[in-house]
Amino acid sequence: MISLKDKDIISILDFTKEEILYILEISGKMEKEDRHGILSGKILANLFFEPSTRTRLSFEAAMKRLGGEVIGFDDLGTTSTVKGESLRDSVKIIEGYCDIIVLRHFLEGASRLTADSVNIPVINAGDGASQHPTQTFVDLYTIQKSKGEIENLSIGFLGDLKYGRTAHSLAYALAHFNADMYFISPPSLRMPKDYLEELELKKVSFQEVNSISEVSDKLDILYCTRIQKERFAEPVEYEKVRGLYKLSKSVMDELNVKDGLKILHPLPRVDEMDESLDSTEYAVYFQQAHSGVPVREALLASVLGVIQ
Amino acid sequence: MISLKDKDIISILDFTKEEILYILEISGKMEKEDRHGILSGKILANLFFEPSTRTRLSFEAAMKRLGGEVIGFDDLGTTSTVKGESLRDSVKIIEGYCDIIVLRHFLEGASRLTADSVNIPVINAGDGASQHPTQTFVDLYTIQKSKGEIENLSIGFLGDLKYGRTAHSLAYALAHFNADMYFISPPSLRMPKDYLEELELKKVSFQEVNSISEVSDKLDILYCTRIQKERFAEPVEYEKVRGLYKLSKSVMDELNVKDGLKILHPLPRVDEMDESLDSTEYAVYFQQAHSGVPVREALLASVLGVIQ
Amino acid sequence: MISLKDKDIISILDFTKEEILYILEISGKMEKEDRHGILSGKILANLFFEPSTRTRLSFEAAMKRLGGEVIGFDDLGTTSTVKGESLRDSVKIIEGYCDIIVLRHFLEGASRLTADSVNIPVINAGDGASQHPTQTFVDLYTIQKSKGEIENLSIGFLGDLKYGRTAHSLAYALAHFNADMYFISPPSLRMPKDYLEELELKKVSFQEVNSISEVSDKLDILYCTRIQKERFAEPVEYEKVRGLYKLSKSVMDELNVKDGLKILHPLPRVDEMDESLDSTEYAVYFQQAHSGVPVREALLASVLGVIQ
């Protein structure tokens, strides 16, 4: 029997296929049923050492939907770290105020350090450029919900695959589910070699292409990512890439796509995805954002041991 | 039968006389009775794109007094808008986290745009220079409570009537109640022409004067507003006006006033109203501030459909 | 019979020995028993005019552990004071939104002014350089808990005794309990004369020394404080002092200490106390930090009158 009681959620790599499926199942129940009160009396400490409004609010909503309480901060400037306190000291103290910690930090490894320092469960809400596992659970849940299944799908990853941590984590997770993967990006923003080698080891079938038109007829899911201006040394380079990877209703109309294709995006978008797409049947990115609540309800309730 | 279930609260102009009276009646009940628990399990998202501590705290208190929960932010710097996200996207995402949105924004029209983007009720907590309807309900409630009635009163509006949006909205709302209005201001801060024309259309009797002494013996209510230094190009001009429209106990002692006159002020005050006034029987502005809670309780419970 | 209902908590000096013992007793009960729900429907306003994450979070946790709700702010920039409002006006308005106020302010005397302005209980969470009484209750509780008693102990105060307000308040409070006190500091950071004279009046036995080695064999409790760089005009002076008053496991190993010595620190520490100390049996400073919750639960429940 699977139990996630007291488990830290630091990286999607720490989860077996069975554990992932279990969390998706609980997430579905959370979305359908009202479980207000099951976390009554429990306190979540939302420690956001860098701001991330969307993630913070969805954890808060999840905790409060289940009847729990939230304390925390969302701004480095108001914390004791300005007095020179170590992260280790900070979390060891706050451990005494709460039942579970959700940590967002600008430094890679901050979540693991926190989990090693305290005796209560820790959930990584993004640390540095590395891991953001709850986003990956949200992505997996949205894929499963919108396609009715999660095994044997063809998934396209579009945009900045070099720096996009959500794409990296999702690719790893989908390796459990016999996915065919298509990495669609300009040459300068390809998936890092390490990741590709890891996928090869896991015997994942994948292909790298420059343009969505080369593979659009094969895709069940198109996972878009934000192309960040900051990643380019030359503005001219950014402008060129940005135009090529911009989706809109008219772009989709001209592509040859498979029936039932769904488009995901972790949001926020800037201009890589036009609002004209929102009313098409491809678009599931707002449902994806809304799924942040039931998925995080499932994670909170599981590691707090009220659902087994 | 009146029901406000699912209604957005964007402008006082959207409300009929009957709806206003209905909200005042529910507000009175909220002040007298303990209704803790009627909003249990509901979540309010308090989205403050510009800070307004008083308004934010009174919405939070109202929601929590009724057993509901609050999520949100009070500082633009911590939101995704720094990444270039549109307001429309932001609120469509947050819609999935909550049951009702309260929005404060620096741009006129932001509340209407939000209400058009989401399928849950939206309450305008002030957008740009235009509307702040819940403040108007608080003002109306305070007038009714302190005078025992709201029909056929004589109301003086004192101070900055050019930029004071609370005065504009209150004047419009009182047009339903056969009020006689006196606009007391320096010539440079008169009510805008549009508003006066609208009042004429509604057949409201009003008069513009330079000094409170010309009309003090006629007033049942004196509604003061803050004169903001920023409105004046010349500091000298500000200093001159400020002295003329400053109220104190000794100023009131020298005026010929009607029995039972009550003074309101939306607060904060700076120095247009002296602390010596606080202990007089004229002063109801702190009660007015405190009424923010029951009035907002009434609004939240009504649009969430738990009171009909 | 002791009742603290409606009492303001402004300074430890306002409490009798009996009242202090009463609060320590209630704190012990709060730590052992789950009292979730006894503050249901009550609202605490956490007004932090200067940031203090630790104190703010521990009050929030205490209120929420008991089923109460919290509103507030932790950042001056988001409050109406930027519009020039007086503290008196701010708290008189917020009084209408809540049942109890916790105030942190950068100005000495702000808590007393607040308590004089409103009709609900006020708790001082630190105002200027003067008082922070709830920290003193936490310190007393930790001493009593770790030693099994609070009477007749030998207490060493180490570090910055000139500016360290926690040391000042704790010394005053321990004067009730027949303590022997040892003030261990560099000559430039000695206890202020006023305090020593007051202790003499109270017939407290105390001694001032330069080094912990002179008195280590006498101490039941060693109370460390942070030595703040800002207090020194010359960096060189700071470096010299800092080295002499730094504790670590190896420093402790070389000292001749009494059995059962416990080390407290109000935290955050910077480098005056090495992490090597954390796993020794001397260290109780993390328990001390965690005791912030039950002690503040006791204070909140007592002044709100739900425990008598």
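Labels for the chains are A, B and C, by order of writing; each one numbers its residues from 1.
Keep in mind that, in the parts below, contacts are C-beta pairs under 8 Å (C-beta built on N, C-alpha and C of every residue); 3 or more make two chains touch, one makes a residue touch a chain.
Just so we're clear, the structure is a prediction, and the values are computed from it rather than from any experiment.
Novice: Once you've mapped the touching chain pairs, tell me: line, ring, star, complete or other?
Specialist: Contact pattern: complete, every chain touching every other.
Novice: Can you grab the rotation angle between chain A and chain B? Superpose on CA, round to the nearest 5°.
Specialist: Resulting rotation angle: about 120 degrees.
Novice: Rounded to the nearest whole Å, what is the centre-to-centre distance of chain B and chain C, using the mean of the C-alpha atoms as each centre?
Specialist: Using C-alpha averages as centres, the distance is 41 Å.
Novice: Among all residues of chain C, which ones touch two or more of the remaining chains?
Specialist: In chain C, the residues touching two or more other chains are 75.
Novice: Flag every residue of chain B that touches chain A in the complex, lowest number first.
Specialist: Residues in contact with chain A: 40-41, 43, 45, 69, 71-73, 75, 77-80, 83-85, 88-90, 92-98.
Novice: Looking at the complex, which residues from chain C come into contact with chain A?
Specialist: Touch list, chain C to chain A: 34, 36, 51, 53-54, 57-58, 60-61, 64-65, 67, 74-75, 267-270, 275, 286, 289-293.
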